[in-house]
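Right after this note come the structures.
Next come two complexes, and both contain chain A; in the first it sits with chain B, in the second with chain C.
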Partner chain A sequence: MVTNLQNSVWLLGAGEGGHGLTPVGLFAYAFLVIAIIFGILTASKNGLNPRYFTNRWTQRTEQLYLFLENMALGIIGPHGKRYMPILFTFWLVIFISNLFALFMPSAPTADLSFNLGMALIAIGYVQYEGMRANGVGKHWTHFAGPKLPIALIPITMMIFVIEIISEAMKNLSLSLRLFGNIDGGHLAAESLNSLGKHIIPVGGMELSIPFGAFLLPIKLLTVVVQALIFTLLFSVYLSLVTHHDDHGDEHATAAAH
Partner chain B sequence: MSAQTQESKGMPYPVMAVIGALLMFGGMYLSTDPPSALSFQADLAAQGIPLDLGKTIATIGVFLILFPAINLFFLKPLEEAISERTNTLEEAFTDAESLREEMRTMRSDYERKLIESEENARTQIQSQIKEAQDLRTQMVAEANAKVDEMTRRAREDMESERAKVMGDLRLHVANLAFQATEKILSENVDDARNRKLVDDFITQAEVGTK
Partner chain C sequence: MSMLPLALGLAALGCAIGLGMIGMAAMNGMARQPEAIGKMQTVMLIALAFVELVFLLTLFLGANSFKG
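Moving on, here comes the complex of A and B:
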């Protein structure tokens, strides 16, 4: 019995050393997240009709879709609608995974490797779209900054290297931000729970107070905000490489930072 | 509509799914049996950075499958439904607009007809009033003529009656005069000469009374 319980904890919880999920654990969580997503989408799909949606799930997912579409159109521009599948998928996966983090021992987004995978897809897709929109050469020379005299080639090269590092760091910033918030929330809740461990002696037993539960409201806020931030930044990055208006780029860069 | 969201200009969905599956299983393999090149992961983990590139690669694979799956399963039908609904609403709005335009035209027609009817009614009323006034004038004139005729006839009747009465009176006075004369003279004065004398007397008497 105890062995089975330990196996379950191993499956769903942290791996050795308490950092991140085991591969099987991660995929078990990912499978659960995807199953829930498809459950929600199936319920929503049943309510689709050409007139008006009466199904509550359909109404909610439509609202989410329209919210993300407005965000994409507002940040990326009129062509932002073509990125809806990837934005919608990211938002759903991150949001459902973050919800898991509230009630389960761990969550996919509490795993740095999972978040890095999402970030690599996001930034890779941004580079792909940049090359498609501007051409391969123009996209990469764009990292070298403005055209300078030949005497200043070292500066151009430095700018290029810095920009490339900056692009690479976007992966880290996206993944570490999400990981830090979700895993940090877990750690904070665990720490608070440990403060309340065995502090009420009742009939020879010592009851605990789950102080970590008091963090639930702020963690709930984090669930939504982190999903929003990831998709928002992804939209901004897409806007930077697909916008042809340099003036607008400056604003978008400022917003991204 | 769907062309905007479909990543058809990029990698085809089946290819994405195959690559995703390969990455997923490859990543799982790398994660469970990491090569020596990934030994830095243990160092990172020891420093509190739990990085497992195998899981990262597997995650990329999962998402490569997930993007087209969600797009085909839900987003396309949702977009089609929203598009159809938008079209239906636009048609309804267009119909409503055309109906409103038609109503506006009908209203202006009705108003024009109403004005025309009022004008016609006013004209007819005026003509009827004029006709009635003419009729009244005519009737008054006819009545006046009748009254005049009746007055004239009455006068004539009165005149003839008066003449008749005057004749009778004259005869009666003559008879009275004869009778008085007979009594006074005790003789018959019923001859033509006497009668002429009586008439002259009466005429003088009438002139005297006038």
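Moving on, here comes the complex of A and C:
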């Protein structure tokens, strides 16, 4: 509990004896925030029609949406637009939960059960979409691999079992990756804080340096990239089960005829 | 004396080599074909995630087995 509390206020230069703000952590934090705000402000107008996007907040969220949509459409294909709501929801939930990990002793995504719940939702939705795109029977038979002669039925059954296991392991890999990255960030900040504990003797007290503050940039990178990777892998799994569904090509060939 | 730090260091070494090779290949590809940067970044991120997962699994399994 005490270490958690210290970890939560590492930005303020915590540790026994070190009350009040430490300039190092505060400067690092302020510099990072200013740099990010500057970057967002300069980049937010690029490529948007100024007639329709006059509100600055609209511009920023539109850029975010366009970025994710480009990515998802590149992976899933032209029919990926209908998966944008769930993809964007996942991105926002994970990103905002990850943001807590920067400043708080714990975060929703530093809890394995939350991540496992999200992974179960994602993989369950993938199964549902696969059944809707290919039909229930075809979706389950595609786990059994290619069509083999009747003498090789044991091999088909083995392939089926292995494919089902690998499908179930997708849940584990999705949730464990997110959990490990966020919780690992916490552990690293805590270890670095304990390195700098009681190393500045001032008067009767020994101040601490929160070395964990220097991890803030890389933690910020982790926060964004992990949210992106969850969304990315989700869209990869979606594209794997729905890529037989070639509506765009059908329309294109129909127009060509 | 626990060998856990050494083991974790070795795991981190392997993970770092793998990540570096992915980054190197992606940068080579991006420099040769700048118009494909978007696609390459996506695939690179997926590959990075898979390599990283192996290290995280090592971390969990190692820490848990050394604890008991």
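Observations on the model:
By definition in this document, the second predicted complex is superposed on the first by the 193 of 257 C-alpha atoms of A that agree within 3 Å, B and C clash if a C-alpha of one lies under 4 Å from a C-alpha of the other, contacts with A are read in each partner's own complex, and residues count from 1 in each chain.
Quick note on the criterion: a residue touches a chain if its C-beta (ideal position, glycine included) is under 8 Å from a C-beta of that chain, and two chains touch if they have at least 3 such contacts.
Quick caveat, the model's predicted, so the values are computed rather than measured.
Judged by the touch definition given at the top, the superposed model places A:L48 against chain B, while chain C stays out of reach.
With both structures placed on the common chain, the touch criterion links A:E163 to neither chain B nor chain C. Of the two partner chains placed around the shared chain by superposition, chain B is the only one that A:L116 touches, whereas chain C remains out of contact. Set against each other, chain B and chain C touch different numbers of residues in chain A, with B touching more.
Contacts of A:V225 after superposition: chain C is touched, whereas chain B is not reached. In the superposition on chain A, A:A30 makes contact with chain B only, while chain C stays out of contact range. In the superposition on chain A, A:G184 makes contact with chain C only, while chain B stays out of contact range. Those residues of chain B whose C-beta lies close enough to touch chain A in the complex are 4-7, 9-10, 28, 31-32, 45, 48-60, 62-64, 66-68, 70-71, 73-75, 77-78, 81-82, 84-85, 88.
Listing the residues of chain A that touch chain C in their complex gives 70-71, 74-75, 173, 176-177, 180-181, 184, 225, 228-229, 232-233, 236.
Against chain B, in their complex, chain A makes its touches with residues 15, 17, 19-21, 23, 26-27, 30, 34, 37-38, 41, 44-45, 48-53, 61-62, 65, 79, 81-82, 84-86, 88-89, 92-93, 111-114, 116-118, 120-121, 128, 132. Residues of chain C that touch chain A in their complex: 38-39, 42, 45-46, 48-49, 52-53, 56-57, 59-60.
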